[in-house]
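Chain nomenclature is as follows: A, B and C, assigned in order of appearance, with residue numbering initiated at 1 for each chain independently.
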């Protein structure tokens, strides 16, 4: 058991190393382009160029550059943006993280509840019009670009129907801290939560329905029915519980990816100052250190979440113990 | 079999033989591709989605004709002083605001008249309907090429990993894991930002920053892990399949097994994946273009059109809503087609979408 | 049918299970099957895969869920009609009055719960017992089924138990509510031969210890010979022959029964160089030949076989074949092959 855990830890570290090398390579070893110019930003003065070249060691070989970058990111954490007047990057990312966590956490609660409901209903009524309708809706949800859906939601709740009783409570775009104003926090985030959740409700509802329908052919489902259990108990206690194993492992990955910056488009559309919007602003300023920091941060988060998923998997599926 | 049992001669000795003869003499069964094709054509939603996709391709191909002969406009030229004739009178495309100060200009809204800004104009006075058709060309072209490139790369990776196993498999699988750990859009953004600012210079080859090749290659790359995993799984299960074991026992060379036994069977997985990857690629393209690191101005794609419409969302929502609907319809059709293909070809190992 | 002493526990009459056929009409998977089962009796239901034996059992449990399936005829349990019984009433019967065990104990338990929890669940579905009360009963049942250290075994997950222990746990679960009828669908097929003998011994003991009748479904004539009071042979969805096991084994009346018996190597006496096999394969239900379904594979195939075979009585056996009527009985077989008792 201990050996297995150690092995898993070693694997995680290896993947982390691989990711850092990959991200570094994307930003600083892409052939044919001078990273100095990219880091210094648009129209940088020759002095800035020289300072950048020296600080990142671009006059040194690649491995040295890599080590220096990792040192700046994880050890001294003083990687700073040249575009944004020497703003330290790492603290900025950490400041934005709670916003992203608020957005993704709420959306995750909605999408888990909604997709479990939809998937279970569709599976229980498989072959019916309700099943087909729900699955079609799920497919429509999967097919919508999230930033477009967000804009349409803004149009409806901020402008067209803002004065109707239905949406008059919706505050203007932006974010309020949970600690300062819990109800404001909630009101600001409800629409973004729903918009972000739509895609995942579609995906998870469809995956869960497929898993559940497949489980109806399993011997243990027949045994459960032969025991004289009610249909709902067979479906929920035996079918759903078993299908939750895949569901949870998918959830862990998607949740981590979103927290790590995958919710960028939603944050941009709703003006939420999270990690994703930080990346977006850096994008507009061509602020490479900041983008690299956010990408690295998200990848680290995903890998750690992967490890957590594996642990949860152990709890959920006794066969893997 | 075909009810030929009635004609069988009596006697236990010939019974078995006669039965197998009946099989041999039976009508030739249709090939698997034909069966799958017929199954696909019997599926009304798959047929509808194919018709919709065909229509979309046709419409975007007709973009220049629409711009020149119907709308009489150049959708790539900004012209804030232009006028259109509506109900017999000339109306300015950019109209003064109706607010108290009469500050600024608002483009004309949908006129529902194909000769005069059918869907209105954007904030540079350009015909949205014409730009929608031109944007469709780029969006469809990029997502199609990206899907083909992605599937080709994924097939190479997946087949190598699955067929050769061992160290090759371990290295490739780890590489895929690492790529997949970075959120897809962030990965695409990283690749775009380094290439879009100054283009790419690979030795003698220079890819300009406004080349469509950049988004195609970038989107194809980031979805390789998504497509390679099911391919590898399929190859692994085929490698353990009895007919492959049989071929190996007969001493058939590995190259031949790969070409004759593995490839044809993997191809169904690839075909099912193609529309699904194209749907993801279309969404990714629109997201990159929305963030202005995909298709570069003045060229248009559905994503850049939504970005153009963002500033007008409360006054002229049609500018952003129309391309969004085009995206939803296309992606929906691709997803339904993918589902239909999966059912027709009976492929189970396909992965799922992810943002 | 054979006159069984006492009131029949289960009486099945003209049970027919059909699926809609591709070109309209119906395909009969099980055709006109009738039998009865007395309390404490063990009836063997024998046939090749696809002969409809499992489907017959599932129909009795109300578990046939193929889309569009049509079930006609009647199946009375203690005089009460099972077919078309309300869902809720069927649930009350299932597990409490009629229990079923399945072929593969590995896949028949839900993998994510302990074996004990799954037995508790069945007990609590039918008896008003506390958690602890149900667990006590579970442990008691496991112990009686010969599971060593039953309290610990109850806390094990299915994959942590051996195949034999899993099947014992499955039987313990099935018997936990004292059912009068146990349907065992190939209970020993997935097990080692030694374990197989133990499980069959357990089944034989049930009638003494629990007063249960058993409907034993199998494709193995050896299992039938060891275990069953009466035997019913199914071929392609219909009854080929039924009767007391000893009579049927001594002098099979249907050529198919004889073929099945011939394909078992004899324990005593000279062994044939090659075991005789029945040529060909059973027809698919959609493409049964005209007349007797067994005709194309039968050594005695003749003109009279083009008509559907009549069900004839010979001694205590019912035979769906024209041969006895034509005075061409199959020869009796030496009993030697089956008289060696297998220790339980």
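Quick note on the criterion: a residue touches a chain if its C-beta (ideal position, glycine included) is under 8 Å from a C-beta of that chain, and two chains touch if they have at least 3 such contacts.
Because the structure is predicted, anything quoted here is derived from the model rather than measured.
**Student:** Higher C-beta contact count, A-B or A-C?
**Tutor:** Spelling it out, more C-beta pairs touch across A-B than across the other pair.
**Student:** So which chain is farthest from chain B, going by the mean of the CA atoms in each chain?
**Tutor:** Ranked by distance of C-alpha centres from chain B, the top chain is C.
**Student:** Taking each chain's centre as the mean of its CA atoms, how far is chain A from chain C in angstrom?
**Tutor:** Distance between chain centres, rounded to whole Å: 54 Å.
**Student:** Quick one: chain A and chain B, Cα centre-to-centre, how many Å?
**Tutor:** The mean C-alpha positions of chain A and chain B differ by 23 Å.
**Student:** Taking the complex as given, what residues does chain C use to touch chain A?
**Tutor:** Going by the criterion above, the answer is residues 61, 63, 65, 67, 87, 91-96, 99-100, 102, 104, 107-113, 121-122, 125-126, 157, 159-160, 170, 173.
**Student:** Across the complex, what residues on chain A touch chain C?
**Tutor:** Its residues touching chain C are 127, 216, 218-220, 222-231, 233, 237-238, 241-242, 245, 316-319.
**Student:** Residues of chain A touching chain B in their complex?
**Tutor:** 14-15, 18-19, 22-23, 26-27, 30-33, 37-38, 139-140, 142-149, 151-152, 154-155, 158-159, 199-200, 203, 207, 250, 253-254, 257-258, 260-262, 264-265, 268, 279-280, 283, 286, 288, 291-292, 294-295, 298-299, 302-303, 306
**Student:** With touch defined as at the start, can you tell me which chain B residues reach chain A in the complex?
**Tutor:** 174-175, 177-179, 181-187, 189-191, 193-195, 197-203, 206, 279, 283, 286-287, 290-291, 293, 303, 306, 309-310, 313-314, 317, 320-321, 323-324, 327-328, 331-332, 335-336, 339, 352-355
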